[in-house]
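Same chain, two partners: chain A is paired with chain B first, then with chain C.
Let's look at the complex of A and B:
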């Protein structure tokens, strides 16, 4: 088994691997470290055991898949290429989130859209309540500017409950 | 004998529950109080009856009667007694009876309450609780019977049934299969009961709400009665989630405390609507607004509670929690559907009557800010529901299976979470009713300026991650504003009553328990936010294979692999245990013992990390693999989680905060 390189060296090599375009074997001249394998495996999900990331899945199959990642890294594949390989082999469910195309765009659009709709409804409702309140009360009493007085008034009001 | 007593107790409780529901409804409709009283007695009786069944199951588990299928599948001879007892909720059948037991406990407790002022609501509380209890019991009696035994037929095959069929012989294994090793952990003692308590206890506020709808009592009586129940239910639900994530963090061995697993998400969802409910109910009590919305929230919360139970128990979405799939799925689905439709129907009937004159003077008033709180919480709820449902939708519509994992949930909920934190920093300074922006801004100015110092100082010290800076800033703001509120109140009391400050603080909280209990809880969320920022943004890890004496470096820590030992241990396991010494900044700080326990009976291995825990960080060292000859390479994975223990610290103080908020006032 190999000696453990210092952490910074691993980081530098990892950067190199992911930044370089797909280059044949000449670019890689060492065995990919566990950290490099895990960095990619972390982003994939075990296609068989549900909802367990590939870097922690203990099964034999997952161990083989991690070895596949190691081989491909050693062969000079980029992170994107490796992830694409897994998608082609096992389907889109290996990715942590649905690929952003086709019906899956709906997936990403709905939550912010729903929130905006909710915010709009809330704002409109609050505004209409405020309108009704202001119309019902033509005389506006003095506003308590001092938060201490406001708290005092509030506490006095609360004593009535 | 025990088996028959246990089973027939379940049947008897089922009949009593049905009688209680029927008598209560009849008594309410025909105005015959003696029937309602009889129904109340039935409700009271339900708990002792289910307790008999529970005791029977525990007896069978502890004595190891392996002919009983449930005992066989959840226990084995080598398990310690405490684990055999907790096997009561270790599998499907036992869990369902356990649920019924807790439900009956709450129903019985409710029946002991003084109902003189609320005679109209009582019958409907009985109906709702007893119908729900009867449903769960029917699942146990008909589908998932914990007392069913195994028999061998003449042709050699096996059958599981309650009663012996002609020609079959008892099948009594020598030993059980044993509990799933992942469940053999102290977390097993506390998390499931707490989670179930959290779920089950919401039936009382829900039942009261239904009673209010049915009887047409559109005033706030049901909310006043259920106020403390709701707070306690919310506390249990929160603790259930916290204990579950603590257990996952401790046992899953890869530093995961929340994996956005479908079952975890399904337990979070009712918590979100319950939190929204707790806040909107306060506006209702102060300003008489939002009767309709409050009804919607409690109906939603209860439906989500049932739905979450359904997801956990039916294996519809498989996950770390899925230890069983069975025929109860459709039954559950039907029950949830029917109760939801009935609830909505009742709500629609009273929709007009619930309309209240909603007085709003300002968009910056406390009422408006509470509603913003609701918007954000429901926003997170929508994200969670969508994330859970989309894989099913995708499979149904396109046939393509997709995974919705943590990156989606984190990115979608983070902005909403930050929004909630900022709200916690602003809302305490707001006032009800008339509130212009000037006093609010004036009150906010000093804490805001002080809070901005925090990200500034951190940025100067090298922290550049935007999410972390935002998170720390929001945390600082909430902490400053909340502590300021305590300070302000205590000083006011000191001026008014001459009390010394600590006493003033005590009396202040005593007079306004809900508000200051709530503030304590807000401070707890700040602590938890610190922990979450630490582990989510600053977690680091490394993995490598070492020979004896070699070392591994992660940040300030250096780990040296000292030795590896393999031996058998009580509890039916074979243990492989490494000794790793830990150095921090070059100084020796101790040893950790990562190990892997292989359980013979279920043929499963569990990885248990060696952990060094401080408030500053958690160092987890895991034994990933080893060569047959231990002096050759052994693979270790090390995960460093900064600040993570703030999460558990915040969780502990959470209990204190909720107790303050829920404690009965001396006046009321």
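Let's look at the complex of A and C:
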């Protein structure tokens, strides 16, 4: 180390200082755009404005909530962190998509379960109809050698003439 | 004369019976959940004489106040929000009422419903409100009281039961005084 040229030492110190210096995050560098705010806002509903997503809700409360999203984004929070913050503050009912736990699990289980049960019932019904049709078809014995039929056909041929 | 059912036919019916049982179980379960939800939705707010729900309010000053610890005192619980115009009309009179009653064993609590912290703090400063106020985290307190909106005020008697309720704002200080005196003399 004693033989290291001075400029290399300075370079090493500079490199160390650069590496140890606090790195500002990208989120802190720019003001979040309306699109970025709305991308999260559309996944949320305020408790007062039922059925109106936060991104298009015109009330003062919703404006304040959007501003909160903007501030959190500017502070470098992720989408999940912001949604979690809103859940902690205002309850899980603010989420457009309910979390898959507790009684909310029904929303995730019931539709596919109902579809499967429906498909099963439909399949069984179709199968039973098909079987019923096969059983109902009259079995016509083919008797080409029947003298009566042969005579009848002969009579019909004569009448055609 | 008895006719014996072949064991083979009986066992083939078993999955079918279980299927029917399962479908009925699911249908009745869903109806039960829906019925319970509807019942809760139409239950209305906590009624006078009912025991008030247990809750802990974490104030904006990080103080924790449990309603259970206030047994023996009259507690005035006011639900409000900074975006609520009628709440502004009663904010100043609530502070006046608090100043009147704070030495008489009446506790005032403000529960800030679905609000943003900055606006809520600005509101408290604007109306010089000094009694404990805190956010309704997760809207748990308003759900427990089954409130319909803001402002709503619940006055709890020393026995922990609801003694008076006001849906909407108090117009004057006298209205609050009458309500509190009514509970104090109860």
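In this text, the second predicted complex is superposed on the first by the 110 of 161 C-alpha atoms of A that agree within 3 Å, B and C clash if a C-alpha of one lies under 4 Å from a C-alpha of the other, contacts with A are read in each partner's own complex, and residues count from 1 in each chain.
What we mean here is this: a residue touches a chain if its C-beta (ideal position, glycine included) is under 8 Å from a C-beta of that chain, and two chains touch if they have at least 3 such contacts.
Here the structure is a predicted model, which means the values were calculated and not measured.
K.L.:
So in the superposed three-chain picture, is A:115 touching just chain B, just chain C, both, or none of them (first/second/both/neither)?
P.N.:
First partner only.
K.L.:
Check whether A:91 is in contact with chain B, with chain C, with both or with neither, and answer first, second, both or neither.
P.N.:
both
K.L.:
Compare chain B and chain C by how many residues of chain A each one touches, and report the one with more.
P.N.:
B
K.L.:
By the touch definition at the top of the document, which applies to A:103: first (chain B), second (chain C), both, or neither?
P.N.:
A:103 sits against chain B and chain C alike.
K.L.:
So in the superposed three-chain picture, is A:147 touching just chain B, just chain C, both, or none of them (first/second/both/neither)?
P.N.:
first
K.L.:
One more residue to check, A:65. First (chain B), second (chain C), both or neither?
P.N.:
A:65: touches chain C, not chain B.
K.L.:
Which chain A residues contact chain B in one complex and chain C in the other?
P.N.:
Residues common to the chain A contacts of chain C and of chain B are 91-93, 103, 110, listed in rising order.
K.L.:
Along chain A, where are the residues that touch chain C in the complex?
P.N.:
Residues in contact with chain C: 46-48, 59-61, 64-65, 67-68, 87-93, 103, 106, 110, 113, 117.
K.L.:
Please give the residue numbers of chain A that touch chain B in the complex, ascending.
P.N.:
1-4, 6-7, 10, 33-35, 38, 45, 50-53, 55-56, 58, 91-98, 102-104, 107, 110-111, 114-115, 118-119, 122, 126-127, 129-130, 132-134, 140-141, 143-148, 150-151, 154, 158, 161
K.L.:
Which of the residues in chain C end up touching chain A in this complex?
P.N.:
Residues 23, 26, 30, 33, 81-83, 114-116, 119, 135, 137-140, 143, 149 of chain C touch chain A in their complex.
K.L.:
For the complex, give me every residue of chain B touching chain A.
P.N.:
Interface residues on chain B, with respect to chain A: 252-254, 256, 259, 261-262, 285-286, 317-320, 322, 358-363, 368, 371-372, 375, 378-379, 382-383, 386, 390, 394, 397-398, 400-408, 412, 416, 429, 431-432, 434, 436, 438-439, 442-443, 488, 492, 541-547, 550-555, 605, 607, 632-633, 635, 637.
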